[in-house]
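As written, the chain order gives the labels A, B, C, D, E and F, with residue 1 at the start of each chain.
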Amino acid sequence: DFLSALETDIKPAFGSNEEVLDSYIGTGIIIWDESVQNVLNAGELCTKTLKSPNCDGIFTMLLEGPPNSGTTALAAHMCKNSGFPFVKICSPDEMVGFTETAKCLAIKKIFDDAYKSELSCLLIDDLEGLMEYTPVGPRFSNAVLQVLRVMLKKNPPKKRKLLTICTTSRASMLEEVGLFPVFRVVTRVNNISTGKQLVHVLLNVNDTFSQDDLGRIEKEVKGKRLWIGIKQLLAICSILGQIERHERARFFLEHLEEKGFIRDDLS
Amino acid sequence: DFLSALETDIKPAFGSNEEVLDSYIGTGIIIWDESVQNVLNAGELCTKTLKSPNCDGIFTMLLEGPPNSGTTALAAHMCKNSGFPFVKICSPDEMVGFTETAKCLAIKKIFDDAYKSELSCLLIDDLEGLMEYTPVGPRFSNAVLQVLRVMLKKNPPKKRKLLTICTTSRASMLEEVGLFPVFRVVTRVNNISTGKQLVHVLLNVNDTFSQDDLGRIEKEVKGKRLWIGIKQLLAICSILGQIERHERARFFLEHLEEKGFIRDDLS
Amino acid sequence: DFLSALETDIKPAFGSNEEVLDSYIGTGIIIWDESVQNVLNAGELCTKTLKSPNCDGIFTMLLEGPPNSGTTALAAHMCKNSGFPFVKICSPDEMVGFTETAKCLAIKKIFDDAYKSELSCLLIDDLEGLMEYTPVGPRFSNAVLQVLRVMLKKNPPKKRKLLTICTTSRASMLEEVGLFPVFRVVTRVNNISTGKQLVHVLLNVNDTFSQDDLGRIEKEVKGKRLWIGIKQLLAICSILGQIERHERARFFLEHLEEKGFIRDDLS
Amino acid sequence: DFLSALETDIKPAFGSNEEVLDSYIGTGIIIWDESVQNVLNAGELCTKTLKSPNCDGIFTMLLEGPPNSGTTALAAHMCKNSGFPFVKICSPDEMVGFTETAKCLAIKKIFDDAYKSELSCLLIDDLEGLMEYTPVGPRFSNAVLQVLRVMLKKNPPKKRKLLTICTTSRASMLEEVGLFPVFRVVTRVNNISTGKQLVHVLLNVNDTFSQDDLGRIEKEVKGKRLWIGIKQLLAICSILGQIERHERARFFLEHLEEKGFIRDDLS
Amino acid sequence: DFLSALETDIKPAFGSNEEVLDSYIGTGIIIWDESVQNVLNAGELCTKTLKSPNCDGIFTMLLEGPPNSGTTALAAHMCKNSGFPFVKICSPDEMVGFTETAKCLAIKKIFDDAYKSELSCLLIDDLEGLMEYTPVGPRFSNAVLQVLRVMLKKNPPKKRKLLTICTTSRASMLEEVGLFPVFRVVTRVNNISTGKQLVHVLLNVNDTFSQDDLGRIEKEVKGKRLWIGIKQLLAICSILGQIERHERARFFLEHLEEKGFIRDDLS
Amino acid sequence: DFLSALETDIKPAFGSNEEVLDSYIGTGIIIWDESVQNVLNAGELCTKTLKSPNCDGIFTMLLEGPPNSGTTALAAHMCKNSGFPFVKICSPDEMVGFTETAKCLAIKKIFDDAYKSELSCLLIDDLEGLMEYTPVGPRFSNAVLQVLRVMLKKNPPKKRKLLTICTTSRASMLEEVGLFPVFRVVTRVNNISTGKQLVHVLLNVNDTFSQDDLGRIEKEVKGKRLWIGIKQLLAICSILGQIERHERARFFLEHLEEKGFIRDDLS
């Protein structure tokens, strides 16, 4: 029937859960700033709390940051490091074409599955995507919002422990729709905003820029407003391979400015 | 058929009614303030009124307070203490994925079941959740609202007594949609807002803070605005076990301030 | 089929039409003011008009008053006193869970049934409940509104007489949606607003207050704004039985003030 | 099938087309003012135009006036007097409970039936009722509006003549939704607004008032704003039979003032 | 199946395509002004362009003018004169009662049929009617709009030529919904607005007015604002046959003024 | 079943993928300005980046420009030049009449098909058309938007490379609905706005104007605001063949001015 059909449907098409986690983590986490480490620490603290013997029930954490800032990769990293026997991902890209009701039941099912294990960890990625949120209107699936609200509040059966790590790039929307009170810990993820952070990332992308180029880039950025997500930055870096080595720095800086990632105004 | 299917569906998956009540009560009620006792007293008064021989029909009570303030646990406590032969809970987490019509029929059925007993008590938890209310729009199921309005007004058959205890964190919404006139008694539940109340709770969480720490905490809070629900506070306390004993007070206070539960502004 | 199913469905579960009328009338009408008598007189006049030989067709009356003011009981009283051979009630509590179309057909059927008798009286209770009206939006079933508008305008077959008595607590809404022109007579029902009226009711609730208490209550109320529906007032009285006799007056007055039924401001 | 089912469904339950026309005309037309005669004349002119040999196609007329002003009775009178071999009524009270699509098809069918006769007259009563119009929102069936717009514009087959007489109490709405350009002639029906008109009507209601009373009534009304529809006025007159003869004039005037049909303000 | 059913359904009930075209053209085009000729010329230019050997693909023309201004008759005239082997009409009056999806498929089918002929001409009449547009809201079928937008942009298969002539009385709406960029040529149709134009038309309606009357009418209109569509004007003329010859001019002018087609204000 | 049905349905009716690409490219790209070359270069850079061995995953590009500016032809040109083994087009004109869900599944399927090839290129044409966007409301299919957002963010399976080239004439709308962050490179396409660019195009339309005419046209345009899309311009040129050679320049300039493509105002 429908529910057993669901079970198959939401199983990712290309591999085990571990592999899916890895696909969300991508090329790995670059600790380009102290704030990145803080986020990882918060995840570890929540994990240890729930593991401790005198604690049970549900514990809900939210990672929030701008689009492309890396919230998904960080959350997947936490899930992987939790060492919980049951780890599952709830992501909109596994529910494309579902009706609203099917989506609600699929979400409920993920929780019900988690209840079966004593120690479970759920990554609920892209809350606004799950709710099909659009700021124009605004529009979103109230049914999905309500299921999330109810399931994130609901106590698991006795002696069950459930850690849920959610991500969003629309924290203010969650606030407005009244979903914030269900989160026990809310942690902020940031975009790259200083030349030092930028260079830290570029150094990790192997052999793209010379030491001179890096110096020039850091100098150029100084005194301007920089604001770029790690995902977008890594994508731009991948283009650079097609550019002559001696033109890369100029191309890179021009591109960032043209597309608005660097702005002159400091006011 | 559908209705008999409903009967099974809304039966909680993990145990008897008593157990469900207990799961809503959680770790028990801490009387952290006189106001908590007043709420419990109001519940007792309503119970006794309906039990008295010259009174019958429906009597409807509303517990309203901010999210995480403990309304559900208090209402469940009242139901348990009522000693009524028939006690049932109507909660959105038992209706996840229901269509609007199924939800309406399920609610009606709970009342119809209650009518069968001479003396019944219904806990209707999270009215805004049942209505799938979201302040953005605002959106809510008008059908569910109407069923609640009609069933909370309707007289049970002759010689039947029905106590309904409802909870909400959106009293102003209930006012706006015109549901207030159906409540015979409305009682307010509060958040923790003074250092004294805070310490009262912490004392009940066994062995987390030293006497010195408690003193320091109460002093720090003085002159600031404190506003935290009992549920959120107990969750934070559970993290403290992972923090070194001598760092707990600092961590605890910093966390409360960072997340906005303590604010400097008194204006 | 569906229509014959309707016939059974809308038959109240617990008894004959007479019994249903009685359940709406409740503990009986207290004539706590001249205005109550005027309402009853208006009903009698309409009844007599329709009964007179040179009058036929449909005659539509509206009782409008605030929630809990007793409109339903008064309308039911009029129906019972009409002595018409066919009396039927159309109330939202008999249509819970109906689809919009089912509701429309059920309403139409009640009229069609009435057309079969030469002299019929319909009580259409809680017009805004039938329309599932909510002031937020506002939302309501336009389909039900239209059916009511059409059926309340439509002439019955030749030589048929139909009295329809409608109730509402949302007269201004009916005005706005354009339903007012279908009513031939509109009559206002009021809340209790003077100490004298209040005491009149209390005297009818047997043996609750001493003569002294009643005097004290009337004095206390003087110069303040009192505004309470008869239904709410009778409910509060029912609690008083649980209060020590010598504390009742104080409890009663405090309760009225706390819940906002008595207010200081006269401006 | 559905369409043949329609054929039966929209046939009025209680008699022939003639009888239905009569039931809409009611107790007959009182020519209480020259303006009433003008309306009837306009109808006759349109009828004669279409009957003339060098004219064919569709000719559409609109009677518009406030609720209760008698538009339906006047339109029915015109249809009856047209002497057209095919006369049919399209009224919302014959489509209660129809889905939007069924309604559209039923309307289309009425036109298609009319096309079959060489000379047809359609009374399309209560346009806003057909569209289920409510000023709150506003709400209305756009589908029905569009069908009406299309059918009222559409030319019948060659050598067919079709007169459609429509009524409405929401002319301004028809203007706003863009339906006005389809009407070839628009005629206004009025409420009673002078003492002379009022007395003219009262004289036609046999034996209710003495000559003295009528004089007194006309005098009282002078200098005040009177505004009442013929249908409402006749209903009030029917109550008067229950009032003592010597009290009737006083009762009548008080009632008109109380219910707002007479107002003092002339500004 | 459904699509083959469509094929039959949208075939007009009363004759061949030619006949349908004729029914839209009506009593023929009166060239009451140079501007009428210009419109016809624009149509001829588009026809010739598409017929020329070095041109293929889709060419889309829009005739826009106020209601009753004759856009449909002019467009039908162009289609007839195009001499294209395939001519088809897409009009809302052939889609009454269709669901939105059926409408979309029917429109698509008309284009697909046209693609089969090497040289096709489509008359898409009353764009706002097809979209079920109402300015209140505004409401319209976005699905139909999108189908029109897509089909009017889409290139036919290689070596196919398609001329589409669309009409509308809501050009500003088409602009707002973003449909304008698909039209290669937009042509304006006007209402009659001068005495000279009016008389030109009246002269073509055989034998209604004497030379004197025409002179008087032209003089009366001078200095006033005249604004009337050809369709409405011809309808009024048809009534005149019922009026005594010597009264016609007076009746005609009074009627135009009363119904607002002539206005005094020139400001 | 439905999905296999889809497979057939979205296959274009008239030929292979190559042919479809050609039909979108039309009569070929005219490099009427340096900016046209820049757009083509950007496409080549993205193609080369994805082809390079150390790059995989999805790379998403957006071409945005006003209606008729040629975005579709340019994007189709890029796809053709990419030399990728798998090239597919996702365009609203292949989904006419699809339900919202069918559309979502069809889009998902196109991506899933692309995942099967190691190196794929998707042309997603007319994003606002796919979403059925209308600025009035605004209205659009949120479901389609969400599918696009999810699929454009989702990583293909390991070692798969996917280039998606999207086009739109509503960049600001994409910004508002939050779709911009999924694009790695955004490139602007322009309308023709100078006399020099205009003449460049006219020179490519063989033998329409004499050298003198071109000079005159360029001179006339100077100092005025010119704004016309390449598609609209080529359409006007096609009409010129029907105009006498010596009148073409005048006709051409008058037409551009009359239809608003040339304006006097420079402010």
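Observations on the structure shown:
Keep in mind that, in the parts below, a contact is a pair of C-beta atoms (placed from the backbone, for glycine too) under 8 Å apart; a residue touches a chain by one contact, two chains touch by 3 or more.
These numbers were taken from a predicted model, which means no experiment stands behind them.
For the pair subunit A and subunit B, there is no chain touching both partners.
At the interface between subunit C and subunit D, two copies of one sequence, fewer than half of the residue numbers in use are shared by both copies. With angles rounded to a multiple of 5, the C-alpha fit of subunit A against subunit C returns 120 degrees of rotation. Look at where the CA atoms of subunit A average out and do the same for subunit D: the two points lie 65 Å apart.
With centres defined as mean CA coordinates, subunit E is found 56 Å away from subunit A. A separation of 33 Å divides the Cα centre of subunit D from that of subunit E.
Among all residues of subunit F, none touch two or more other chains. Residue ranges on subunit A touching subunit B, taken from their complex, read 45-46, 48-49, 52, 54-55, 59, 101, 104-105, 108, 138, 140, 142-143, 145-147, 149-151, 153-155, 157-158, 173, 176-178, 181, 184-186. The touching residues of subunit E, counted against subunit D in their complex, run 13-14, 23, 26, 67-68, 92-93, 96-97, 99, 129, 132, 134-137, 139, 169, 229, 232, 235-236, 238-239, 241-242, 259.
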